[in-house]
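First the structure, then my questions, so here it is.
Which chain is which? They are A, B and C, in the order written, and residues in each are numbered from 1.
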């Protein structure tokens, strides 16, 4: 029993359809539960007030924005090396989810930045990196849309994803070098976050619901990608059948 | 120097068009491909030329031996006839473009910018390119399009000389070139569509 | 290989080759900037290095689709792909030809245009050096984008969308180096990083471009 069995579209569809209902329920329960807990059952921060609660959307979205790209990178590599169509289609399916996550992270960041930093937008390295990531997503999606032949599109977007990843990392360092910025460091995973004794860190009142939200977003991403991959497989199948019908009509 | 094609299947736009093709093309022989439009002759020639991977089967003996002439001639309109030929001769590390110019009656046109040539003259320049490559196996896709009857005869003479010199040619054409070559009708090799419930890995 | 380079240069110089278009565009952009931001010397001189960099980058971008599209349309690419040259060499030569006909003239003209923007005297050398180091990366990255979009009709806009994000690190380090040079700060770090990006792009990206071209040709 090999994991590559699921690279068969039929097997993938039947399996993913079996697990998806449970995943939908679980992901929505976690996300909604985490958000309610975070929004209504935690105290206001003594300095940031209720604004701090945007963290329950902002951080999970930002996390998934990066992980979605990472997943596309892995899927592209699998396509390039093993030529499993499902893998290429999964990368295609993940891109719009990733771009929405990036957009959510950017917009919530701006909403948070306004009361905290007094400005909607700052050319802070983190914000800027996300903006650049957003542009990479747009280019990737546009390339998929522009090419008619599905295998050519899969090949070209896979190579763009690989090259783009290198340049995205380079951009991240370039941006850090370019401007030091206002954004606090990534503090969620630090050990001190649990202690919650300084304002720099995410205090533990917020930590648990935040982890719940992150889990919810991750599952939501997973189920959305599974769902969209299924759609892409069917669309690809329809295209193939139509092409074959034309071929038979010619004969 | 024999070109060997064995059990070759080729695909266009992801769909198999020809399958199970096998033939040998030894030195001194011309193989004429025939078949209706859309059967996949161009796809076959591109596959043999190494421009696209075969779906199945192998092509051997083609590496660095073939000169390929497609529908488009790859002529730069702002360069003169001579400049165009010299460029291709240099790319193929071959010298001497005079034979090519004379063989295709281009002497009077040699310093004219290629953009000012007629369609037939351009085609002759495109075919003259084959001679400056110095490659033994010619792969020609509809070489006589827009040539008049005199020049078709002239082209056939050039191919004949090429064969006598130990070369070979694989030609897709609809007209009778008057060449004493083998004729291969690709019609019977038309790929059958795969069974409809074959819903696995490759989608088709 | 030399033959291909010479042919590309010759084609660029001849009528309709587009040589000089990039340069004129660079000039026009530079002239438009004071109209947009106002003529104050101090402001112009502060933004001059950045304006020169963005102008050079856009001028470069403008000419990218010519790198491969013409050879694609007239069938030369198919024929070149069956020639003894490996595709990696072909795309490298194409990038080099693009750099010689577009990048290098931009580098040479940038200090002249600096006069129009009141570029501080200390910055002339650094804008020249930073562009000299950075433009090869712009050409090679651009060739990758051109290879991705070569088979597409009206691929120009898509080409910009694909290439501009890839230009971000080069632009940041290049412009940073010019800005630091202008204000007399140490330029060593951005210069090394810029040179590193250029060198790595020139060394590695042709493989990606050739792979992409191979896919597009089939």
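Definition applied: a residue touches a chain if its C-beta (ideal position, glycine included) is under 8 Å from a C-beta of that chain, and two chains touch if they have at least 3 such contacts.
Note that this is a predicted model, so its numbers are computed, not measured.
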item: A-B or A-C - the one linked by more C-beta pairs in contact; value: A-C
item: Distance-to-centre winner among chains (Cα means, whole assembly as reference); value: C
item: Geometric centre distance via CA averages, chain C-chain B, whole Å; value: 37
item: Gap in Å, rounded to a whole number, between the CA centres of chain C and chain A; value: 32
item: Whole-Å gap separating chain A and chain B, where each centre is the average of the chain's CA atoms; value: 49
item: Sites on chain C at which at least two other chains make contact; value: 218
item: Residue ranges of chain A in contact with chain B within the complex; value: 7-10, 84-85, 149-151, 236-237, 240, 243-244, 247-248, 250-251
item: Partner chain A, residues of chain C touching it in the complex; value: 144, 148-149, 151-152, 155, 158, 161-162, 164-166, 168-169, 172-173, 176, 189-190, 193, 197, 205, 208, 211-212, 215-216, 218
item: Of chain B, residues touching chain C in the complex; value: 46, 49-53, 64, 66-76, 78-79, 83, 86-88, 90-93, 129, 133
item: In the complex with chain A, residue positions of chain B that touch it; value: 13-15, 38, 190, 193, 199-204
item: Of chain C, residues touching chain B in the complex; value: 2-4, 7, 10-11, 14-17, 71, 73-76, 78-85, 217-218
